[in-house]
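Both complexes shown next keep chain A, but they swap its partner, so chain B is in the first and chain C is in the second.
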Partner chain A sequence: MKKLLALFMASMLLLAACSSGSNEPNGNTGSTGTDGGAQVTVWAWDPNFNIKALNIAKEAYAAENPDANINIVENAHDDIIQKLNTGLGAGTTSGLPNIVLIEDYRAQGFLQAYPDMFYDLTEHINASEFAEYKIGPTSFDGKNYGLPFDSGVAGLFVRTDYLEQAGYTIEDLQGIDWKQYIEIGKKVKEATGKDMISLDPNDLGIIRVMIQTVGSWYMEEDGVTPNLVGNEPLKEAFQLYKEMMEANIVKPNSDWSQYVATFNSGDVASVPTGNWINASIKAEASQSGNWAVAPIPKLPDHPDAVNASNLGGSSWYVLNIPGKEQAADFLAKTFGSNVDFYQQLITEVGAIGTYIPAADGEAYKATDEFYGGQSTITDFAAWTEQIPRVNYGMHTYAIEDILVVEMQNFLNGKDLDKVLEDAQNQAVAQIR
Partner chain B sequence: MKVARSGMSIQAKTNAIGWSFISVAVIMICVFYFYPMVQALILSLQSGRGMNLQFVGLDNYVRLFTDSMFIAAVKNTFIYLIVQVPIMIILGLFISVLLNDSRLKFKGFFRTAIFLPCVTSLVAYSVIFKYLFAADGLVNTMLMKVSIISAPIQWITDPFWAKITIIIAITWRWTGYNMIFYLSALQNIDNSIYEAARIDGASAFKQFFQITIPLLKPIILFTSITSTIGTLQLFDEVMNITGGGPGNATTSISQYIYNLSFKYTPDFGYAATVSYAIVVLIVIFSVLQFKAAGDRNG
Partner chain C sequence: MRRFLDRFKFHGLFVKMFIIMVVSIIAVSILITWSTIRISERLFIETFSITNSKVISQINSGLESFNYSIITASSNILQNGTIKRFLTEGDSDSLTMFKAFYNMNLQMMQITSNLDAYEVSINVIGMNGRSYASNRSNWPISDNELKQHDMTAYTHQQPKRLLYHLDHGDEHREPTIVAAKALMDRATGNIYGSMYFAIRESEFRRFYASYTSIGNDVIVLNRSGVIVSSNQVNLIGQKANDLLAHAIELEEQALEYKDAYVMGKEQIVLSDYLSSYDLYLVNLIDKQLALGQLIDTKAIVLICIAIVTGALIIVFLISRRLTKSLTRLVKQIANISKYEFDHYVTVSGSYETRQLAQAFNSMLDELHDYVKELVQTQKRQRNAELAALQRQINPHFLYNTLASIKIMVQQSSKEKAAETINALISLLQNAIGNVNETISVEQELVNLKNYAFINQVRYGDRIKVSYFVAPDCMEAQVPKLIIQPFIENAFFHAFNIKPEGYIYVMISRESEALICEVADNGDGMRSEAGRKLPKSQSKRQLFTGIGVRNVHERLLLLYGEPYGVTITSEIGGGTRVRIKLPFIQTKEKTKF
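Let's turn to the complex of A and B:
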């Protein structure tokens, strides 16, 4: 009995020792207010893109601040969302990073769900130097909380060899609308037997791309009122989606790897999506020279529609915890102002930022043999500036889950007005 | 008998020792089970985005009945429950009776083989199932090669087949687990009962329905309750195989809780309400099953 008690006491002591031991370094990093030395932890996803970009930023920053201590941690995107929600939701910031990457569609949700948990970057960056459409999602209450990072500018990636067989050239795809896109798709299918596009029925990204070409979204300008019923662009997008399905030019996929496989294997003729798909398209080196990028098609019959839209994209946020000044300084001196750094991002990662002064740099003008010698970066940068600004609001994914179901009903013959009305009612009930 | 020095009677002393032993467990359960449960109940009466929670009374519970996504999730879960649990229990019983046969060779091997799925990680097997059942996956390829089907079945992207895929997956994963319970119970049934039945001329069928089933009743009740609870909490498979899709054709209640707290702008209050809905359902089902099994043994 005594022995057991002794063992018990000893293990308690050990536990206590362990916990205080692990607390200490944290306490130190938090309290040292001096420049350098304090550790800045950054969370991001995608080792080939965001993490690579961060590593370049770290080097660039270290050149000026040699004793800076930047700790880059890779986490899966969903894990970051979960960890942030559990940490911030419990009201604790221990274990959370100083800097975190958040997708633009979700940014307002975080900023409004956890006020005071994010650090105001207004003083540290010059918001007017970034693409205008990125400022909406990254700011709240007139303050800039996010430092805009990659552009989700959409492009129409096409197989020029398939187009040729159908009697088209890349010139025929400049400034088209989605109706013309479907017509071309039918011809391509006739001539080559290849589908024009691959879609995942659970992901309405293509709808979002379509409606943003006229500056519309699932929500009103206020970001909280669902805008589904009577939303003309959305209605047209739904019709176009159905037309595509009925034209039999769509190859379905159910996840990302299947999606990538559809174009790597040459089964689809075009990929209308965000520029970040670039790396995945280039992964199939044997198709070099057979690809080109055209501006994204716009919605037909809208005079104010532009051939520019967005899909995805994310921005950097600083958490309001000790070390925030250090973290903000790191961001401001790299992603926030360093033109040379952005040139490096282009050449080494292929990441297109949204920092406008960087677009005049040399790297942006380079041509790409994979795309038949096209200056893709210049094109993307030009389209980025035209993207209509919309307020993504807080509920993009909640509404999309509703729309995914209603889209299936629509495809199965339900009346479109009824579809949008039902979706609107569900969305109003869901969002409160 | 000696009188205890401290003035405590032996009875009291024994009691005190007894209580001190269980107190550790009681405190642990209170801190890690009951306290969170009460907190979750309080949380379920609040609503709001992230940290901006406000008390809304029973609003969340009223909301459940008008929430089409919740209703879809409950429907799906019930379909899994009604189709999958009976299949699994009957299959488990059948296999365990086969494997209990004293004339069977390599018994150990078969038992291990059928139990093995239970030790695989939920996520790992889900991912493998997802690839097996992909449009151009192994299952479709095999069925096409032997000319059972002419076009690939959309196992993942068709609302009907997606449910079937989930049911196949959970059945594969959990049948062996239930089988083990039946096996151990079967070994407790005295062989002489069967012997007597055989002498009386009872057929194998009769033996199974008149002896095996009645004697296994408590175990069948136990496994059906645990299976029901398990199905109501279904998450990993749906999340990883279909992601709840197509549309919301396979979403389970637990996945809806996940979506409410992590996929959408978090509303932890309403998510807690949905989790309490699961608690209520589990209680109702367990009571029903006790009633149905009627009784004394339960």
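Let's turn to the complex of A and C:
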């Protein structure tokens, strides 16, 4: 009986043991960060350009500061804008990087909306050593918040072979204005059947390039008030735009890829845009020697117009969060003062900086066989210094969206003054 | 070896019992564990498949609404005149084309905005070489690549269907799932282009990724068995014909789920056919992993081992205690039957064993009593016989004595005759009285003298009898007529050759024993053991029925082992009879 009981109890225990054979979840969520104190996080977009440049900077900095912990994070451009807006708007800095790359056109929007969230770099950099036009967008209230990075200096990339067929040389393109440009375009089209330029109806970059040659912009100097009605340069630019259309020298495109395709396939004779197009043009190696770079045309009939302008470009900003000193030091010792580093940027990335002392370096003087032996970097550097300073203000893209629609109206025959007035009214209503 | 066998013999019970217990405990525990695991497994699989088929239908509805958006967008594109014009018209002047591009963008932006909920980009390619892409970075494929892509050919083959394809991608672009359809003028049947709705596989995965976990994978297959999407990223683009076969089987037989060996593992396969996509949505549950999370085999085994060990220890102790006492008992009993009969077994151990031991002991007791009684009875019987013999006065003796007296009277030796009669009277008096009474040595001496006297009267006095009695022995008690048979024996047998001689009766004390010796210097006899008494040749001469042989027997019966008669004799040297009795002072009635 005793034995039976023992057996029974043993079986009961066994059953109980079996039914309670659960196990706790594997709870190891061991995310051990490296010592966060000295870590500097950087956000940027474009792995082939900005990220590459950052990695070179990281190496250069590490050579002197072996303890430095620079964490480079690639994010899409739109994501960076969205995350910055979310973080700064909510007033939380957690999850935000120490250093962030911001497009110059958008910089004022952030600086004016959240001036206390950015770290003043005035003490760390010598603003006079950078291209003057870059200081406007990166400064606010007399303080330098941004460290200017790549130059958006514009140039007129042209097919010398097409020019020749039309009876022109590259010399004929030096210091021309947009009216002359259209004339040349007509001749080229006549001679070769190729369009002079490719434009995206939704991108008025060419208008911006035009008006900056005389130091004008969509907004007043204050960067807030829309400056459309009575903006003579803008009005001229609109007219030139329409003239181009009417001259029938424009090949339309709907996106970047088609844009690149137009000149890679040899369908257009010139590409007036920022120097960053360089890599895309050179991607079609078969056209080597058929290209040259001329200064960007200026607006006609303006005595102060220069053959230098800008399109795009971005700068580095340090957020006012713990680790800012380290971040500022990293920027100051690389992008802010290191001439050798800029030579490396030219040779390895093809990025033209806006740091003036770097222009004396060897890499800047190199000639490029693709462009028929032209020292393109030297030229770009020279034009960079001439770019008129402009306050891009806070609403460049918002106003451009309005102008895109109004431009269509203008092309459809609407009176230009009326077009600009309507645009001005919309802009005022939208921005306020 | 023998010892071991002996040990095994005694411990056999324990060993057998223990082995049976061990085997049954282990068998029971293994069986119970096994069946419990089986039951929980089955239960788990049942619940898992129910939940997962619900999950699948949820994924399905998510995918359906995604598909619906795409279908809507595709019919919007198809019905849009601006888009159709953009894709069919030829190149004209810059301004017209510019407007066409602008309007195209406007229309497409509107249509794309309907798909904003998903990370979908739209590519449209016209037969006239124009194209439009809402977001090239989402699906960075060049127009030329796209034109030559297989999926474009498919759209032309089946222009009315929206077909889902997998673009395997390369180093520049991620694997992308593309819904492609031809742009066909329904009225004329003229195909003027194709449209593509691209969603990155990583985005597509989000429709089901939240339902997956380790060992719970979702795989989307197309009809040719190519894995279009999966949370197991490395599987994308691979062929899985076995999985496709399972999916088709599940669909055809309308099964909830099935167990199968796929991807090198035992898996539970659930599947749903996405008719609008023409894809199979397969849910794989890794049995081992899923059940491994449910059942911690190691813990169960350890617990089982612990319990079995515990149970075995308890069983060992209990059965050991039980059998140990039993074994000891058995061992004792076995020894008793061999050696001692009055050796009791120790009463100890469990209740059963104690009872058994007590029963055995009381049985021994009874046996003992019985045997004792038997011995007593036999002794008594023998004693009675002997006593009867002793009491029996031989009539021949009386006859011969009386004849001798008659002769004396005839020879007129009256004195002697009277003396003889006196002696006879005295002898008879003592002999006939209570035979069980002891008498003092002194009285016995009188008897002896009377008997010797009668014998001498009858046969002459050529045999002389001398008495040497230690004075302290006079009062000692002896059984009646205990020495008389030896004197009688000496008279009739010791002097058959020798004409004359002496008989000495010596009585002395030796510590607690009384020693009576009857010695003669007669013929002596041959005696090897010196124990055997000669058989009486003629009963006629005997005084009583008792012979010398019975004396020893009687003494043993009366007093026990150390007492009795010893005889030493040598031919021609005479015979010496030594009677050893306990020295008893007070007169008593013998026990019998």
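Points worth noting:
Everything below uses one rule, namely that the second predicted complex is superposed on the first by the 395 of 432 C-alpha atoms of A that agree within 3 Å, B and C clash if a C-alpha of one lies under 4 Å from a C-alpha of the other, contacts with A are read in each partner's own complex, and residues count from 1 in each chain.
Methods note: a residue touches a chain if its C-beta (ideal position, glycine included) is under 8 Å from a C-beta of that chain, and two chains touch if they have at least 3 such contacts.
What you see is a predicted model; the values in this text were computed from it and never measured.
When both complexes are overlaid on chain A, the residue A:M244 reaches chain C alone and has no touch with chain B. After overlaying the two complexes on the shared chain, residue contacts for A:N85 are found with chain B alone; chain C is out of touch. Touch criterion met: A:H395 reaches chain B, while chain C stays clear of it. Of the two partner chains placed by the overlay, only chain C lies in contact with A:D195; chain B stays clear of it.
Using the contact criterion defined above for the overlaid structures, shared-chain residue A:W256 touches chain C, although it does not reach chain B.
Once the two complexes are laid over each other on the shared chain, residue contacts for A:K143 go to neither chain B nor chain C. Shared-chain residue A:K414: touches no atom of chain B or chain C.
By the touch criterion stated above, A:K187 is placed in contact with neither chain B nor chain C. According to the touch criterion, the shared surface of chain A, contacted by chain B in one complex and chain C in the other, consists of residues 201-202, 252, 254-255, 258, 408. By the touch criterion stated above, chain A contacts chain B in their complex at residues 78, 81-82, 85, 88-89, 91, 106, 108-110, 112-115, 117, 201-202, 252, 254-255, 258, 394-395, 397-398, 401-402, 404-405, 407-408, 426, 429-430, 432.
Residue ranges on chain B touching chain A, taken from their complex, read 47, 49-52, 63, 66-69, 72, 130, 134-135, 154, 156-157, 159, 242-248, 259, 261-266, 268.
Within the complex formed with chain A, the chain C residues making contact are 21, 24-25, 28-29, 32-33, 36-37, 40, 93-95, 97-102, 104-105, 131-133, 136-137, 140, 142-143, 293-296, 299-300, 303-304, 307-308, 310-311, 314-315, 318-319.
On chain A, the positions that touch chain C within their shared complex are 2-3, 6-7, 10-11, 13-15, 17-19, 21-23, 25, 76, 195, 199-202, 244-258, 261, 408, 411-412.
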